[in-house]
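Each chain gets a letter, A, B and C, in the order it is written, and its residues are counted from 1.
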Amino acid sequence: MLYKRNLQLNKNGELIHLLSTEGLPKSILTQVLDTATNFVSIGDREVKKVPLLRGKSVFNLFFENSTRTRTTFEIAAKRLSADVINLDIAKSSAVKGETLLDTIANLSAMAADLFVVRHSESGAPYLIAQHVAPHVHVINAGDGRHAHPTQGLLDMYTIRHYKKDFSNLTVAIVGDVLHSRVARSDIHALTTLGCPEVRVVGPKTIVPGDMAPMGVRVCHTLEEGIKGADVIIMLRLQNERMSGALLPSSQEFFKSFGLTPEKLQLARPDAIVMHPGPINRGVEIDSAVADGTHSVILPQVTFGIAVRMAAMSIVAGNEA
Amino acid sequence: MLYKRNLQLNKNGELIHLLSTEGLPKSILTQVLDTATNFVSIGDREVKKVPLLRGKSVFNLFFENSTRTRTTFEIAAKRLSADVINLDIAKSSAVKGETLLDTIANLSAMAADLFVVRHSESGAPYLIAQHVAPHVHVINAGDGRHAHPTQGLLDMYTIRHYKKDFSNLTVAIVGDVLHSRVARSDIHALTTLGCPEVRVVGPKTIVPGDMAPMGVRVCHTLEEGIKGADVIIMLRLQNERMSGALLPSSQEFFKSFGLTPEKLQLARPDAIVMHPGPINRGVEIDSAVADGTHSVILPQVTFGIAVRMAAMSIVAGNEA
Amino acid sequence: MLYKRNLQLNKNGELIHLLSTEGLPKSILTQVLDTATNFVSIGDREVKKVPLLRGKSVFNLFFENSTRTRTTFEIAAKRLSADVINLDIAKSSAVKGETLLDTIANLSAMAADLFVVRHSESGAPYLIAQHVAPHVHVINAGDGRHAHPTQGLLDMYTIRHYKKDFSNLTVAIVGDVLHSRVARSDIHALTTLGCPEVRVVGPKTIVPGDMAPMGVRVCHTLEEGIKGADVIIMLRLQNERMSGALLPSSQEFFKSFGLTPEKLQLARPDAIVMHPGPINRGVEIDSAVADGTHSVILPQVTFGIAVRMAAMSIVAGNEA
């Protein structure tokens, strides 16, 4: 924990890499959210650009494909006036046989300023952050099952936008918690920001009982999980998990844990429904809920650009 | 017809989406061509940029691959100073399982300004235009067999450039008319702009007799089709059609409908020869014609950038 | 030779295309290196951009994939403020069936200013340079086994940076010289710049004896090759060559020609070790050498951006 904290922060306690919401103090989380507030309005402007990263080189290093996530970072960087280089390393044969650190050392030598890293291996962005030159910053865009901090932060932004304050909230995180880096990033951020009740909700196979030490309440029925909740975060059910022994079928999952208008009535009347996207209609969420008045799924996307702009501009402004 | 007209135009009759040349009034077509005239000269300048779309986000959404067409839109958008995001959705696994409209809703939430859409399904850009937020504009970059309006407009620009006026022209469109969105877009534009004689030329299998209601003359021999023509538009023969029963072989096709210097003599002495590219030398057109003095195939490409700049800047300047 | 010289230079002897280090006079090589010196410092600036190519369109035409090389040119062009269009033609189906020259003619018609060409066929960039319009410039980013002039020039920059002067140097080029466009580009540049002793080092199968006419000394043992050398350029061993009859195995190759700390002691005490990357650790070079104090492999990468900026800005500033 201390080790990770040090890696993300410089000796003045300023954010230099964004690798995980775990280990970040409340003041840093709040700084990102406050900075993002300023950027949300840029999306409505005639000219949606600010010159904060002009002449900086941002590399999108996607060792695992994700068109959607890469796009959000690309837009965020371009609105900050950075030069963006997309490297779909998953498809590249040029770097085959080269070690991860050699790839990073080479790109650093091209005078990169910021690496946005998506990797299927948990911890890869940490390894990179440990080895980059002092002027280079790393943002984790999702590593294995470990963390997806910008998703966590945009979820916090969304919750704060609609609920103003974390101190009286009940937040339910529903679905495949076991495999979800989003869930983990949300839990750490919610805890740090003072949310008194975080529930993780799903069948025993994918919501293990031993999560209690993380400070969450484990619920194995949707009814228990969302009762009285202010915020419901539905996780995406990965189709590749379906075939395994962990889950019976998407229809059966939907019957027990899919969020329908009827079940949503168990939550507070002003509850908001969130989802990291892309949604599986009829698997984890009913279309009537996804498109309904409680849904804030599309505002999440809009806030996500602003939060990524905030994270990029903050780390790029601090020195190791 | 009325429905489509409304979708492309706002209540003041201004162009907000470019989906088809069908249903657009002559004044709009002329506006695009006149605007393009201003942009043609930019290609010769030292600094080939104007700031009309500065800070706007243009998304190239290619559900069907087309490096060439995407490139022309990318160049056009960059010369207008827009930020361009290329999404090769045909290759992306990230959006699998997500509906087209969910993808669009998500990208719209990222504060997109303009979608350039290529799709194998006819009508997809209409569906998108019906559902985007009021501030978002859609340009059809080719949908199924239906329409390819920027190609149609660049063809009109080319004809007007060389022939000044549409009112006395005979235009022959030769080849696989049945499957050609280019042919359809050209026919609608030529008719609206007052071209008195449009001929469609090809074997019966790919130039159906029932096209007469579109106001065109159907010709089943090249000789009849290009006799006295001022403009000859050769269509690209798709190789994948060859194997079917529609056409015997590319050699036989060339013998009957390939444009050779000899056959070209049947047209007017100052006839121009056009082709949307990429050309199949020796299939639909002889190299001596493609590279000859009548050919305006490369100027079409140059004008195409200017026409796309015109279309983008016009729609982006109007509100729904 | 004379023919190639003419193609690269205009009638005033100025560089208009960069196709090979062969046939370029010392004054031109020196001009590129001197210009690059100015650009090296840009990488350290807060805003890493100069407006020299603002509004120019640079096309990266990669008929052969190379993410790394494309990235270096993309960064170089963006730091010169150019608009960059990446065309992974190797993956594109749109241009299938079209001839290389038709592709080039089409892209030229889009008002391209500069083509950066990588092609598996030796000579392809020459063919292109012969056919482009006078305002278009071509830079060879590697063609077959023939040439890779920007790599050659960045190697010269690196040598000059560390050794100041070529007139007393012994340079050893070690490895798969037979298949290496890097080796060829280095040899021509070193000879022109006045390097008195260039050695090519490797087994007989990949370092043919008939290279002597190029003005190099052929060495078939590493010990002989690097003895007293000031500069050691290790070439990348292409894995696809391994399987053939040319080389026994990567382990055996390493035993004979891999550069280890022990063998490096045969060179001069202040020798520098270079490699075009990506390195195969334990095949052509030992990690202790690659990461050691003699290694200048990462500075090569940094200088490579500056050299490519220099080459691009010089050719774009001259008229055919």
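Convention: a contact is a pair of C-beta atoms (placed from the backbone, for glycine too) under 8 Å apart; a residue touches a chain by one contact, two chains touch by 3 or more.
Protein names from UniProt, one per chain: A, B, C = Aspartate carbamoyltransferase catalytic subunit.
Bear in mind the structure is a predicted one, so any value in this text is a computation, not a measurement.
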Can the chain contact pattern be summarised as a line, a ring, a star, a complete graph, or none of these (other)?
complete
Here chain A maps onto chain C under a C-alpha rotation whose angle in degrees, rounded to the nearest 5, is 120
Comparing which residue numbers chain A and chain B contribute to their contact, where sharing over half means same and under half means different, the two sides are different
CA centre of chain A versus CA centre of chain B: separation in Å?
41
Contacts with 2+ other chains: residues of chain A:
none
Interfacial residue positions of chain C with respect to chain A in the complex:
43-49, 65-69, 71-72, 74-75, 78-79, 239, 277-281, 298-299, 301-302, 304-305
Footprint of chain C on chain A - complex, ascending:
54-57, 83, 85, 87-89, 92-95, 97-99, 102-103, 105-111
